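Common to both upcoming complexes is chain A, partnered first by chain B, then by chain C.
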Partner chain A sequence: MAEVYRTGRRAELPAWRERPSAGTQFAKALVIAVIVTVMLYPFLYVVASSFATPAAANSGGLLPTSFSLDAYRSIFAGDVVTRALLVSVGVTVAGTVLSVLFTVSTAYGLSRTKDVPGSKAALYLILLTMLFGAGIIPQYLLIRNLGLVDSYWSLILPGMVSAFNLVVVRNFFMDIPAELLESARIDGAGELRILLRIVLPLSRAVIAVIALFYAVGYWNNFFNAMLYLNDSTKWPMPQVLNEYVLQGGQLSTVTDLHQAAPPSQTVQMAVVVIATVPILAVYPFAQRYFTKGVLTGAIKG
Partner chain B sequence: MYAFFLPGVVFFVVFAYVPLLGNAAAFQDYSPFLGFRGSPWVGLANFHELFSDPQALAAIRNTLIISLLQVVFAFPAPIALALLLNSLISPRIKRIVQSIVYLPHFIGWVIVISIWQNVLGDTGGVNQLFSHVGMSTAHLMTDASTFKGLLTAQVIWKETGWGTIIFFAAISHISTDLYEAAVVDGAGPWRRTWHITLPGIANVIALLLILRMGDVLTVGFEQILLQQNAVGNDAAQVVDTFVYYNGVLGGNWGLATAAGIFKGVVGTVLVVVANRTAKRFGTSGVF
Partner chain C sequence: MTGAAVGAAALAACSGKTGAAVPHGDVKDLKLPAHLDPSPVPGQVVSSTAGVPVAFTRYPAPYRTVTEPPGHGGTVTTFQITYTPPPPANNRWADELDKRLGVHIKPTLVSAADLAQKTATVIAGGDIPDLFYLNTATGQAPAAAQSVLQGAFTDLTEYLSGDAVRDYPNLALFPSYAWKNASIEGRIYGVPRPEPLLQSGIPTLRLDWLRKLGMTGQPADADEMFAMLTGFRGQDPDGNGKKDTWALSSLQIYWQSTPILNMFGVPNNWRLEKDGTLTKDIETDEFEAATEYIVKLWKAGAFHPNAAANTYDQQMALWNAGKIGMSGAALNTTYIPDVPPIPGVKNWATDLGPLIPPGHDGGVASLYQSSGIFGMFAIPAKVGKSAKGKERVKELLSILNYLGAPFGSEENTFLTYGVEGWNYDLTHGVPVKSTDTSRRAELAGQYFCEPTETVLYLPGPPTMSVTAQKQAEKLIPHTIADPTVNLVSQSSVSRGPALQQNLNDAFVGIVTGRKPVSALKQLRGQWAGQGGDTIRREFQQSLAKSR
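Coming up: the complex of A and B.
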């Protein structure tokens, strides 16, 4: 729809896109400015504070403006955050690969319910899970009975395939013209070959979006690690953040830093920044696919 | 084809259906050492205990209040924002604002609360500014009496932008002929919003509201758990945290599972009731 008036000249706007009065325009601009400020200021503040010198951190200005890397140095001198980063990266990469593999494979297997007896029942079995959850305790007991407590698998397996993402991918696959697949089949291509050579190259956008969803989910997951990891040396970033930023634990008591102590608040913010940067790094790349991918799923699903 | 989807089906059976059986613990004096087979069956005793436990009742009450606040304030926020952004003429500004407001959705609760803490906490930026101009410290992040409002504000900050996507989709499906005809008839922007856009997305609003009813007893488990120490249980104990503390931490598995089942049943019943009500008012329901 945006394409209609992308050229943006006044004369080319459709009649129902008339330019509002100066007062309305001003009011809208003001509201938008307030919204953007409220969304962005906290991020800016945290980043600026993480680089602040002790004196500037508590000066009471809108944003601290001094620059020092002490907080980051002291964090990376200790091993708590470094180890948590490794765990988070490992779980996120391994989890995302497994999630995308399972989601794509299942979605493809269920994309032609008419031709494959039993696959319709399988589809409903999966769709039904969107309507209920077993509850915290039964989930916990399952993981415990599977012997996965204190295993990194407990961070990956419980949410490995999302029924919602599966539906989004399946809808996308079903939109691929059947003749295309049919002709490949006549040429003697097997299903796996069709999936890899025809279906996947046409589905890059949707796979980028669900990969982002999964990756962000793994990166941010606090819940699973809290439930299933008792061993604090296995903690991923969210646990470390909670312990040292929210619950006020001191990083230095666990690491053997010879801390020339940057103020703890500065260190805390630096940890927050370190945990946020990976998300900010992938966000712009996947962002342009959002509306496309999410919409097809939301409308049909 | 079976080889493609069977692993996925097995996954859902193991991680979505098998745990349903675990709900049997609600009718047992469950002990992990005895297992489901060895633990004694106690009928409805856990449910009796649940509904006579003042802490459980307080948790249910807190949950309902928070839920109500969120339906009233957080639910309409994306609709308003979608309408505002939709009314912008410049597609470029619209896209920039969209990228900014979507962002917090991708930031986990731990990070979001850390950020809020650092901006609004007792020693945070806002309070430093306050003390600079001679005002007293506002305990925005630790005041139990305003905690429920704080939770709602956090949800609005984090999810409003992302929530607009589905409304944009709905708006883009409204025929532009309607707007053209309305302009010819002399309807201004406000009237077109009221008589065309809002009715055009009413079905989506109803659908989301119905689904929201299923989550009436689900209010940000992580979000609350992370802040519970700061404000205390009186204000911050909800059904999910009650389940967690009594079950996983407290070892009272039966009681905790019973609370979980209660939550699930209430959600399902409300979805069905809301669906019927929506149909009675002439919108199509979810099922």
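Coming up: the complex of A and C.
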């Protein structure tokens, strides 16, 4: 399918597909424009509010139009957000590298069920974790008994290998023609060389995709930080974002107003922007692998 | 037990002359900690009526209540709730706190939204911090009550009951109702964070709008209340020529509906009948009458069109934009200086005031008493076991004694506002917080057992607090307590929130016309069958144990 789209020019449309009429094209454009607006408007509103003066942000207009950098200035004046960003970047980079490393090597081993004794059993064991979660408290006890409370490792280790990603990569590897691997073996390549020189170059798409999945997962993971990090100076961005934005959102959590007033809306929105933009910036680079990577792994198998 | 019992009312609180003698069931076999009267301070007005808060006509000149650091070195770990962004690593306030307490405080700060989960995991993990914030109220971390009964925390009764509390003079100033409502099955497990008894159900009203409608005073019965609430919609009280104002911004079973429930005499969550059985509020005729009234209000357009879905932030945005006549959040002492200017409100002292709900027939309304506490600080069981452990418990209680210093004291001013010249400045003798975000954030770990909320102090005309105190004197005798406030029901913990959500959804459905008022009968049966009757039975058993 992907091949068809890539090479298919309009002139080469199949005979049964006529050029849509102007009316249909207009209707399509309109529908797409509406969808895009619905998607983009909230994001635009967040960005605009973060750059607005507090008065303009509360005025209730369609988009605040004033411009002020005060919200960003007040955030970066303290070290909290800067430090949280550093923690998040560190955890995301280190976590993604480790995750990809372990997922790929495990998946490769499990893709060769005939050569690796016991690999079927290991595969089922891993699949089992997709069906049953351990629950919050047992997980906490595990992390605590490993001595990882208040350690950055508690943000990485619990979700380091995702069973779903592992299956996707394994299925991708299974599709690589066995003849290819066999010829490499005849040429004298060992398993490591086969993995590095033959399998990985052929799997760039799927690896880019799972790397992105992992990176987004690490970047957004607030729950592990909430449970395992007691020291607030170690909190990553999502946990800090939670403190900035969630307070006062839910009626049921508002029980006491003698607390300080929540940060102004402009500051909240600025924190949202700071938390969203870095990971958003990664997307365009991985986008082109997306369809191919996930679908190939998922459909064939 | 309104899920959203919010804010301290201007005319709220109780650390009055006696502090005790508020209408409440007695706790069996528990000698409550002795209650001492506050020492005289210039500007302090103590009411002679029981349960009425102390008022201050000015911010007291700071005075010391603790002469030497209560701690003996080392580290004290804490588990605390927080409502603000995390503190910076370089924290002058925290350094000063360590110096004053004589120990290093190592806090675990938990955002209010995560309290239930974090409480459960930390207790299950077994490493319970030395000072543990325990809030067993609905919507907080109610499941923790069970771990208290299972012995996870030190029984503090022998350290605090009766005259023993005199070793901790600041804690002896706490109102007795706070100790009573913090007790669990007749024992004291923690030092409460005291709150006023009267706080929800007294919303802030736009008095300037009331005058625009030509009303000379507060509504005197259900009809006048109706005229006021619909007038806020129909009579253009902000005078901009547009019909863009509403009386109410939220439609929930409690919250802004509370004054109306009060007006019709609906019980406070549960009613304890003479035969010792409990009746849930929705099971009463009074609730049905109140619902019919609210349906009429909805039809007349008194509610904001998005009232059923508005979040707290959205409600406050509407209120701050001058679109709403009645804020669910009560007029609140320390919140006021942070309230942005509301269009049309020229002088908040005369243009804003509490709504005092009348009785529906022109008599008096029955106002809800809150639990009077917002959580407590408990000490893990393993601390109190040895002889040496007893000394540690006493040290920790001395630290809580410091943290519980009364309003206006030097200690309380430090805990509330921080370091003078850094976190706040004194302007005309009134502390004004720094506008610097980072310096404000230093105080993220300030939430302990300080009793700041139980007094009346309104920075403004000196007479304001006393006026509010006089109003409280009139209202306190008409308050009713929730009889289940310190009782334990396991089913209420596990099924209560879902049942309450169902009730709320059904209530909203009835008011907005999706269902007739007669659906209430069916709703009561559903509620009872899905767990309401079990909760009732468990509360009645717990009641028999503790009273």
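We adopt the following convention: the second predicted complex is superposed on the first by the 242 of 301 C-alpha atoms of A that agree within 3 Å, B and C clash if a C-alpha of one lies under 4 Å from a C-alpha of the other, contacts with A are read in each partner's own complex, and residues count from 1 in each chain.
Assume a contact is a pair of C-beta atoms (placed from the backbone, for glycine too) under 8 Å apart; a residue touches a chain by one contact, two chains touch by 3 or more.
All values derive from a computational prediction rather than experimental measurement.
Once the two complexes are overlaid on the shared chain, A:75 sits against chain C while remaining clear of chain B. Of the two partner chains, chain B is the only one that A:216 touches; chain C does not reach it.
Of the two partners chain B and chain C, more chain A residues are in touch with B.
Of the two partner chains placed by the overlay, neither chain B nor chain C lies in contact with A:172. Of the two partner chains, chain C is the only one that A:83 touches; chain B does not reach it. Touch criterion met: A:242 reaches chain B and chain C at once.
Contacts of A:267 after superposition: chain C is touched, whereas chain B is not reached. Touch criterion not met for A:51: it reaches neither chain B nor chain C.
Judged by the touch definition given at the top, the superposed model places A:137 against both chain B and chain C.
Of the two partner chains placed by the overlay, only chain C lies in contact with A:230; chain B stays clear of it. Counting contacts by the rule stated earlier, residues 58-60, 136-137, 140-141, 144, 226-227, 242, 246-247 of chain A appear in both its interface with chain B and its interface with chain C.
Residues 54, 58-60, 74-75, 77-80, 83, 136-137, 140-141, 144, 149, 226-227, 230-233, 235, 239-240, 242-244, 246-263, 267 of chain A are the ones touching chain C in the complex. Contacts from chain C toward chain A in the complex involve residues 3-8, 82-90, 107-109, 111-114, 117-118, 120-121, 124-127, 137, 139-140, 195, 250, 252, 255, 311-313, 315-317, 320-321, 329-330, 332-335, 338-340, 374, 433, 436-438, 440-441, 443-444, 447, 452-453.
Residues of chain B touching chain A in their complex: 1-9, 11-23, 25, 32, 81, 84, 87-91, 93-95, 97, 99-104, 106-111, 113-119, 123, 125, 128-129, 131-132, 157, 161, 165-166, 168-169, 172-173, 176, 179-180, 182-184, 189, 192, 214, 221-222, 225-227, 229-230, 240, 243-244, 247-248, 253, 256-257, 260-261, 263-264, 268.
Contact residues of chain A toward chain B in the complex are 1-2, 5-6, 8, 13-20, 24, 28, 31-32, 35-36, 38-43, 45-46, 49, 58-63, 102-103, 105-106, 108-110, 112, 115-116, 118-119, 122, 125-126, 129, 131-142, 144, 157-158, 160-161, 163, 166, 191, 195, 216, 219-223, 226-227, 238, 241-242, 245-247, 265, 268-269, 271-272, 275-276, 279, 283-284, 287, 290-291, 294-295, 298-299.
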